[in-house]
Amino acid sequence: MKKRGVLVLLVLLTAISIVGAAGTKETAAAVQSGAIGSAGNPVKVTYLCKDVDPITDAQQLGMLEKAIEEGMAKEGKYVDLVILSAPTGSYATVVPIAFRTGQINPDLIYFQGNDQPLAQEGLLEDLTPYVEKSVNVKAIMGDHTKAAMKNYPYLMWLAPARVQIPVMRSDWFAKLKSGKALLENPTVDNYYAMFKEIKESGMAKWPITTDGGILKIDSVFNHAFGLTATIVKENGRWVYSNATKASRDKLAFYAKLYKEGLLDNEYVTKTWETMEQAFYEGSAAFVAGTAGDVVNVYNNKMKEAQGVELVVLPPAKGVSQAYQSVDVTKESRGFALNADSKVKDAAWAILEFMAGPEGRKLDKLGLEGIHYTVEGGKYVLTKQFPSWWAKFWPTMNGLDTSNVVGEVMSKSAIDSLNAAAKYFAADTNVLLTEDLLPLKDAMDKLYREYSTDIIRGVRPISDFDEFVTKWNAAGGTRISDYLATVLK
Amino acid sequence: MMYTRKRFSLSQLLLVLLLFFITLTMLVPLLNILAKSLSSPTKSVGMGGLAILPQQLDFLNYRIVFSHPILVPSLINSIIITLVGTLVNIVLTTTAAYALTRPRLTLKRPIMVFLIIMMLFDPGLVPEYLVVQQLGLMGSKWSVILVTAVNVYYLIIMMRYFEKVPQSIVEAATIDGATHIQMLVRIFYPLSKAGVATITMFYAVVRWNEYFRAGIYLTRKSTDTVLQVVLRQFVVLGDTVSILGQQNVYDYNALARADYSALKGATIVVAIIPILILYPFVLRFYANDVLSGGIKE
Amino acid sequence: MEIKRAWKQIKAERVLYLLLLPTLTFFVLFRVLPILNMRLAFFQFRARGDWPFVGLKYFEMIFSSPAFAQILGNTLIISFMKYVLLFPFFVIFALMLNEIRSFRFRKYVQVVSYLPHFLSWVVIAGIWINALSLGGSVNQIVTFFGGKAVDFMTDRTKIRWILMLCEAWRSLGWDSIIFYTAILAISPSLYEAAQIDGASRMQIITNIILPALVTPMITMFILNLGFFLNAGFDQVFNFSNQAVESTIDILDTYIYRIGIEGGQYSLATAVSLIKGLVGVVLVYTTHVFSKKMTGSGVW
């Protein structure tokens, strides 16, 4: 009796220890592969992004959260993703303020400006070690992203380089006689001829329009006039190209366009919404939008409004030919990791997951049943699809489109990405130190003021020399000295 | 005031026309936004800046405004801050004014000097912001309520009203054994009714119009903010996304094609209504002398 | 002996000091503490850790920056327009109001003209940005009379006048009350005497009414000077945009932008310190002046 009992106990104990050991080995293996949380105890990660508001979009965002959590659970990572609602106000202004005051403290934050002071104060996490250990993010990082990360490792943005690509309605472009000449030889004069034709034929009230500033048009004409980078060498000295002779020539050209009614005379007061409205309603013919997503939006809305698609136009040819030079000193927007976060690994894991094959599907295709349906092993995009946009990474990299029925991205958008790659130019720029930043800020304001006045004809082009003098006095000379020490 | 009897005078006519024109510049913009906000979008788009009657009465704009998920919470926040804030304002201002107007108060001089210095020297935005942070009030409504708890200028006005209370009544009450608080509540408030009412309303208007400090100190959640901040976002900065929601603007759907200018008008009207309600009381208590003074026909 | 007696008196008055306590606590917390925080102007702000002492570094930055000179200039010019150029119109408005014979009409003008003062600048900006836009009511009138439509809000040559006129729109009624009250206080016997002498209306205005307004005019004018560095933050903040910012950026909006938005706490505090100190000197001087000349000052 006793002997059998002891035997049973021994067997039981052995069984338990074997199972236990196996279990430990499993968890050891799991820890090695970076498991996060557990099924019953997921790690809570908070997320804040612009225009992603759980108050107004509760249903869809709730579904997104669940889909992400389930997808990550399959990989052994248990998170509880909580999408937060941004404070009221202009995102770029109010989020950094709220973050600094400690009123908001998300683990993952999207920034679209004013993040540099925060990084300098040590409030944002250096992402380099995370990128080193990463698999998915590293795989879909573009070259410009890698370069930006080296310079400023606080913001991560997996998207095509932000280049403004000019587009026009394909039906109007086909009608233009000067259109063909333009495609063959896109000189500044041919562009001018095309705009003139648009105006004189009465096709549109304003051939070109833009939203408040000349950045979009600069993407078309900068290189042609010799503004090949943000910082160039003039007379052996490194200066900002804004204050060079090339800039003067370009502004004179824009002033001519404005005076002859080829450039929208109300462009200064237009916002991106009213600019788009003019474009879709046909009062403007030529706009520029960011390659990829934005051109895609323009295309879809133009299809809805006018039933036509868009055609992508090349940058003007002159001294050189390229769209705006791609600045890699720092990303202008992107996701940051809160330096005070207690769950940095979990937060990064979410970014990793969204960069992986499953995450790419979620990010770009949207929610099953709403933006696509599964039919016969294929993802069929629904009519609702155009209303979805990626809440994490806008890039198309890493997305397997082989079994997607429907256009994830319209032809024009793909053309715009190809054009951006074809006419790519790298920029020369530096990150300024803390005490030079306010000077540059004042100089930029000065440039905006003078350039707007010269273009609108409020000041004659001869005032450009006055501008250069003031520019140098406001810090141009001092920063040039600094540039000489940093750039070789 | 007496005039020679003249039935008609050219100068009088010109004066009337000029003043009438001035009042029009004040009335027309307000009536215009009211009219546009009450008109249907198809009509309001065509209404110019001088139209003062609604065309095709439609409450659509108000429905959009009130269905905005942040507007109603911000409205409630504004109401709470105004009510609690004004209460704090009045209690602090009247108690201090009462104490400071008691004759032969020993420390009056040093306290007055202290208060005047406080009124003169404005430490500025960043130091105040740092104190709010140090006191742990960031994100709480108390930050906005307490930071402007007393306005020295209004305190001085209150003191002037309290000084007018006849000393004989005060002495009589003292003999009857009234405590200071009883004196304040039972004698000073009723006898200075106009003054207390006026100052209350001045404080209330300031509280209701608060947007700046709220924009910095109340940013924890989008629903923590006050009405004027939402108003400013939409009406001054032209941020249509803030009133319609990004998805609607992105979809460029029917909602996004609403008449923004009429929608802005509706939001402004909502923000003005409490002022319009308080206004007759201000006229009655503060401006009464001015309104009823002068010649009567 | 004196102190003992005083102490006894204070003890007897302790309820009064208790009543004063909340208000005094407020001032200590929200005025004295911030004033102590102003030492930040001499230190470099650090989010974590101690603030290193940097002496006058930020003051040097301020005085050597052309941006600051521009902003100071803006502040003074805008204040001048609002508090000097606009000033006579408040008196004129009170005079006009007084000349109206119809009690009802005058009351109507008063009721309408006092209202804008109570609207927040957010509301006023909302109304006027709309009215001044290219399709707005002002341009409608301009084009009706044959002029060309102008986008006022982005026009740097016109924006300061817009600020001044909107300030007038808001304050013409309410701020002229003090003058109107002074007119109402004129003794009727003076009018009787003038009538007997056969004085014309103009003579009555110049010899009886205007002299009565001299005291409030001097008081108001001098007091406005004391607050010259303020220039009206709320209005500028709500009317400003990128196109016209350089012409209407004032000290307070600059402090907000670089301090709260830009996070440069030390620099902003240094500017606040300069403004605060100059402000105290200005207000105190003008108060003393005003009291000497007219018997009433700020307090």
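Going in written order, the chains are labelled A, B and C, and every chain counts its residues from 1.
In this section, a residue touches a chain if its C-beta (ideal position, glycine included) is under 8 Å from a C-beta of that chain, and two chains touch if they have at least 3 such contacts.
The structure displayed is predicted, hence computed values, not measured ones.
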Chains linked by the largest number of contacting C-beta pairs: B-C
Centroid-based (C-alpha) most distant chain relative to chain B: A
Inter-chain centre distance, chain A versus chain C - centres from mean C-alpha coordinates, in Å: 44
Euclidean distance of C-alpha centroids - chain B vs chain C, Å: 17
Multi-partner residues of chain B (each touching 2 or more other chains): 129, 216
For chain A, residues contacting two or more additional chains: 97
Where chain C touches two or more other chains, by residue: 260
Of all residues in chain A, those that touch chain C in their complex: 93, 96-97, 100, 114, 117-118, 121-123, 212, 266, 268-269, 435, 438-439, 442, 445-446, 448-449, 452-453, 458, 470, 473-474
Interfacial residue positions of chain C with respect to chain B in the complex: 6, 9-10, 13, 15-17, 19-20, 22-24, 26-27, 29-38, 40, 96-116, 118-123, 125-131, 135-138, 140-141, 169, 172, 177, 180-181, 184, 188, 191-192, 195, 201, 233-234, 237-238, 252, 255-256, 259-260, 265, 268-269, 271-273, 275-276, 279-280, 283-284, 298-299
Residues of chain B that touch chain C when the two form their complex: 1-3, 11-12, 15-16, 18-20, 22-23, 25-30, 32-33, 48-50, 91-93, 95-96, 98-100, 102, 105-107, 111-112, 114-116, 118-131, 134-135, 146-147, 149-150, 155-156, 179-181, 184, 205, 208-209, 211-212, 216, 228, 231-232, 235-236, 261, 264-265, 267-268, 271-272, 275, 278-279, 282-283, 287, 289-291, 293-297
Complex contact set, residues of chain A against chain B: 51-53, 55-57, 85-90, 94, 97-98, 101-104, 271, 273, 280, 297, 301, 304-305, 387, 389
Residues of chain B defined as touching chain A within the complex: 69-70, 74, 129, 133, 138-139, 215-217, 219-225, 229-230, 233, 237-242, 245-247, 249-252
